[in-house]
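Here come two complexes built around subunit A, the first alongside subunit B, the second alongside subunit C.
On to the complex of A and B.
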């Protein structure tokens, strides 16, 4: 239970605007949990509530099994890394890193100018602090930078100093608020790697807020997706990718984004795309519009159509290294497009301007009802369009 | 010469010269009284009223005037008084205004908007308005003729609160939150984290405050009767009446001596001053 975090019924509103509604979440010790969602979904507010920087209107926060609602951020034994690093501008890197330890171990009087020289134990404590700062700096390879002020550091270096300041107190919980979003693309990939590595070495619990689904997918043990102040889904990256609970999750996770085709459920429970049966059966639901989701890698292009199937024309072909992305327009409905991922080797076969039939394996399709919630597909009908041969 | 050396194109050269010509004329207007004060201070007495506008004195009388000023008037006493008053006012102003400005800029509490409106309102009230009630109160408590009487109306500077609030507002909230997570209390956050980054604004305000109160004649004249407590301008006034009569040379020598510290302070803090003013957007 040592580094666990539990949220129960967290609700928060700013004035009349509801930000978070009844969030329940349990984070296991040592877990790397990402909070993702579009901007304004409440993920940063939730993180600040965990930190104690904001207070929830209702609900409870428990860290290591202990209710911390009335505790100050400091007493919660957490560390936080901010989007803009939030280093103290007039202090050197080593002073920045040392500050949390000084606050922890020296009394207020021992931190005051002049008065502090009266304390006999201060020099010994400060020596220990310098030593610990040195160790953390060594672990993050920022020793040569310790004397510099934040203004003399690059973005990546500032980020490391901010991490060192978070690590130095050995907190049970690391809270990170989009820490990589101000770095350039290359450095971001590198820091992603370092953070994952750091998480493994420290064995601490990480709560990581990001709007970048790639960061969440690559680093987390679990992802909690927030949408409109509610928990849309929580699960492993694979679960969110393979079984998104709603249209919102399906659209947010995955790059390029999932293809969503407008479809219809008829009275018999069979799914129609255009007027063609899609080969999926959902009995017991009221007929009406539904959405069919297909990941780019799950779309099959058929040059020869054995059955009637939706047709699409290749508009553009993009080189993405190992694979190639084809942008297609549906022939029946020019406004609806879709993206298909194919291996680079096949690129010679698909040229812009060519028209193909759109097919897919039914078990790879995602179906969402009129409210955008996932529908269980119970069976496949015999007349399926473009089923894999 | 300057322009030629940094090789400006001709259009920019004219703008450069034009701008500097305007600035020079402005500077001349500002500096002329000081120049005249200096020139008068080094002239012989008979030349002061008869010499016309001739800037070059015919006979130099500087040594005589300055020694006379130093000997006849307790200039040092006046200046010590000035330092005590300016320092006392400034220290209390900063101690009061900085926390108030931080609260108005960064803390959320009911009535904040109203309080800030009151600060803005306070900016519009000159010292002459509360002068009489403050005088009566000081008289009632027997505090007239003291350093305290000269300082008390200025302890609370709404201008300082306003200026610092504008400065603090630009301070990133993230850093405050980081400090809270690190365990600092609000007062420590203010004095250790926020104030060091607001030094230019504090320097700018300090200059405003020191200049205003060093030169203030109005309020000391109301509450001070004894020369022992007189700040420089009031001291000069006493001095002009009682000792020198029409000896303008000596008077100007005294004025030169009491103005010098201000000019020095400004020159020393000039860069910070300009930073502070441009940073807060008050020009």
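On to the complex of A and C.
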């Protein structure tokens, strides 16, 4: 089966400011792909280029195997949901949902005031449209709201009307530009659920732009992360979390954020944190500064140190229900902090002010070179700091 | 200042005022604004109403009470009736013309990027020009023999037209000059309205297939401009009702070109019939009030969502 969407070498600049550089991307039918990245990374521009609202300077967009570069947004058979919903405020919810169908099926003259009454086929077409709007409204459970205007709807209800307007033409590709960011936290979690469910029911391809990595992690089948107009990594949520391709990806994905410890690669290819060997070996690389990444749940705290290890003092302890987050300061380097996630613990350990040795399992550590790119760790050395015995 | 010192924290004055301390304090706070309102707006209006019921003339030794006599006289006075008819005709030309042309110019100027500032200034210049001075220019432009407008008409083969002396053309000519003076102002108001339309709506219209110029206008621009349009319509009609300076300078009301304000001016300041001109003013105000209230209540319900 053909790819639902293919981007080849998409490049875009606004004036002299480069926004996107040579983006290649292929999305399979039925995929839920999230475009994530910090603000200004170009993800919204990329979505607008796919939609046809913006034109790329170079490269090609193919939707369902068809080159659409010269096609209007309407002819691309896509639907888009906007951050502010972009509902027409003077139309009722049902008129909003019906608009794409009316434009599709009625000629311009048949939509003009007064003139439209001359068309003999218009009443029949409009009856069909009302019926289809009713079906979509039923699927999204917004039938009681159809007569209301957007101003009389809550944020969540507007969101659903906007979704209904996108669904009504049964497009193969749904584009969503941060659709949940205007909702309050509780509703956002709920709508996350509904969107995932909707995606499963429709079986359509979703391209979903967000700056919220939790949304991307929980909803997507794949995530494409953009940074500075370039594709930093693309893969499943688990891949991005477990094998981040660069420091930028590692820092962006995961909450709380990954701990980054300054480290050093010595001439023998062994990694040193402070002056202590970290137990990781990377042969064949030039010695120099590197970064060691540790997810908060992968840090082990040792009350008794069997060998020399970096020490840290607990500054603050946060209760997160099942988990507890400990904020620590390294004893050797006061500026470097560390967040550790531990299961809830009633034994009275881990109180603020206490000092622990920092350890980790070497296979759980991430290593990034001076340019922030992931380094393959080829082995572990016997002298491992703090590794669980 | 008095209200503030009376409401001072120790508040002895207020405590002494037994029936409803809050009520008195509140009344004191409202007092300055109420006095100003009375002195500046309501008292002159009341004076006007009283004068309109008398035969007061400047320098007259006695005043007689006429009751509604002035109003009866006005409604049967052919000059005043003509002035009223002319004014309504003028408004009927200027109101739709001012709104539609203002909108059209705003749409065109809004589409410009680099030349936008130039067009804004160019169209706004007539608003800043004094109409009295510009009327002289118009007189020259429209002159049957010397004016370039007639020169152009002659060149195209039309007969010479006396815009400012042919009675049937007087009000339309004045309306064109009025429009020339007004469109820039309406354009600025419409431009502000256009700028406030969220870009998202145009994007959505494009995705929905309503991206053509007519569809865009009908789906997004026009409905979104409805509140602006209402405001422009109200201010334009008020300006049109108040037409005076072009009449005073160009025609002086001859050949049946009287308008309401000019009739009031003649009665009050040329013939010194203050009582009668006050009655005309009351009629004028009643017109304006009825018109504005109608627009505000009728349109307001349909333009705000």
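Throughout what follows, the second predicted complex is superposed on the first by the 384 of 389 C-alpha atoms of A that agree within 3 Å, B and C clash if a C-alpha of one lies under 4 Å from a C-alpha of the other, contacts with A are read in each partner's own complex, and residues count from 1 in each chain.
Heads up, the rule we're going with is that a contact is a pair of C-beta atoms (placed from the backbone, for glycine too) under 8 Å apart; a residue touches a chain by one contact, two chains touch by 3 or more.
Remember, it's a predicted structure, so these values are computed and weren't measured experimentally.
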| item | value |
| --- | --- |
| Clash or fit, subunit B versus subunit C on superposed subunit A | clash |
| Contacts of A:74 with subunit B and subunit C, given as first, second, both or neither | both |
| Touched partner set for A:118, first subunit B, second subunit C, both or neither | neither |
| First (subunit B), second (subunit C), both or neither touched by A:53 | both |
| First, second, both or neither for A:287, with subunit B first and subunit C second | neither |
| Contacts of A:151 with subunit B and subunit C, given as first, second, both or neither | second |
| Touching partner for A:90 - first (subunit B), second (subunit C), both, neither | both |
| Residues of subunit A contacting subunit B in one complex and subunit C in the other | 48, 51-53, 72-74, 78-80, 82-84, 86-90, 99-100, 103-104, 108, 111, 165 |
| Parts of subunit C lying in touch with subunit A, wherever the complex brings them together | 198, 200-201, 203-204, 206-212, 214-215, 218-220, 223-224, 226, 305 |
| Subunit B partner contacts - residues on subunit A that touch it in the complex | 48, 51-53, 72-74, 78-80, 82-84, 86-90, 99-100, 103-104, 108, 111, 165 |
| Complex interface listing, subunit B residues touching subunit A | 172, 174-175, 177-185, 188, 193, 196-197 |
| Residue ranges of subunit A in contact with subunit C within the complex | 48, 51-53, 72-74, 78-80, 82-84, 86-91, 99-100, 103-104, 108, 111-112, 149-151, 165 |
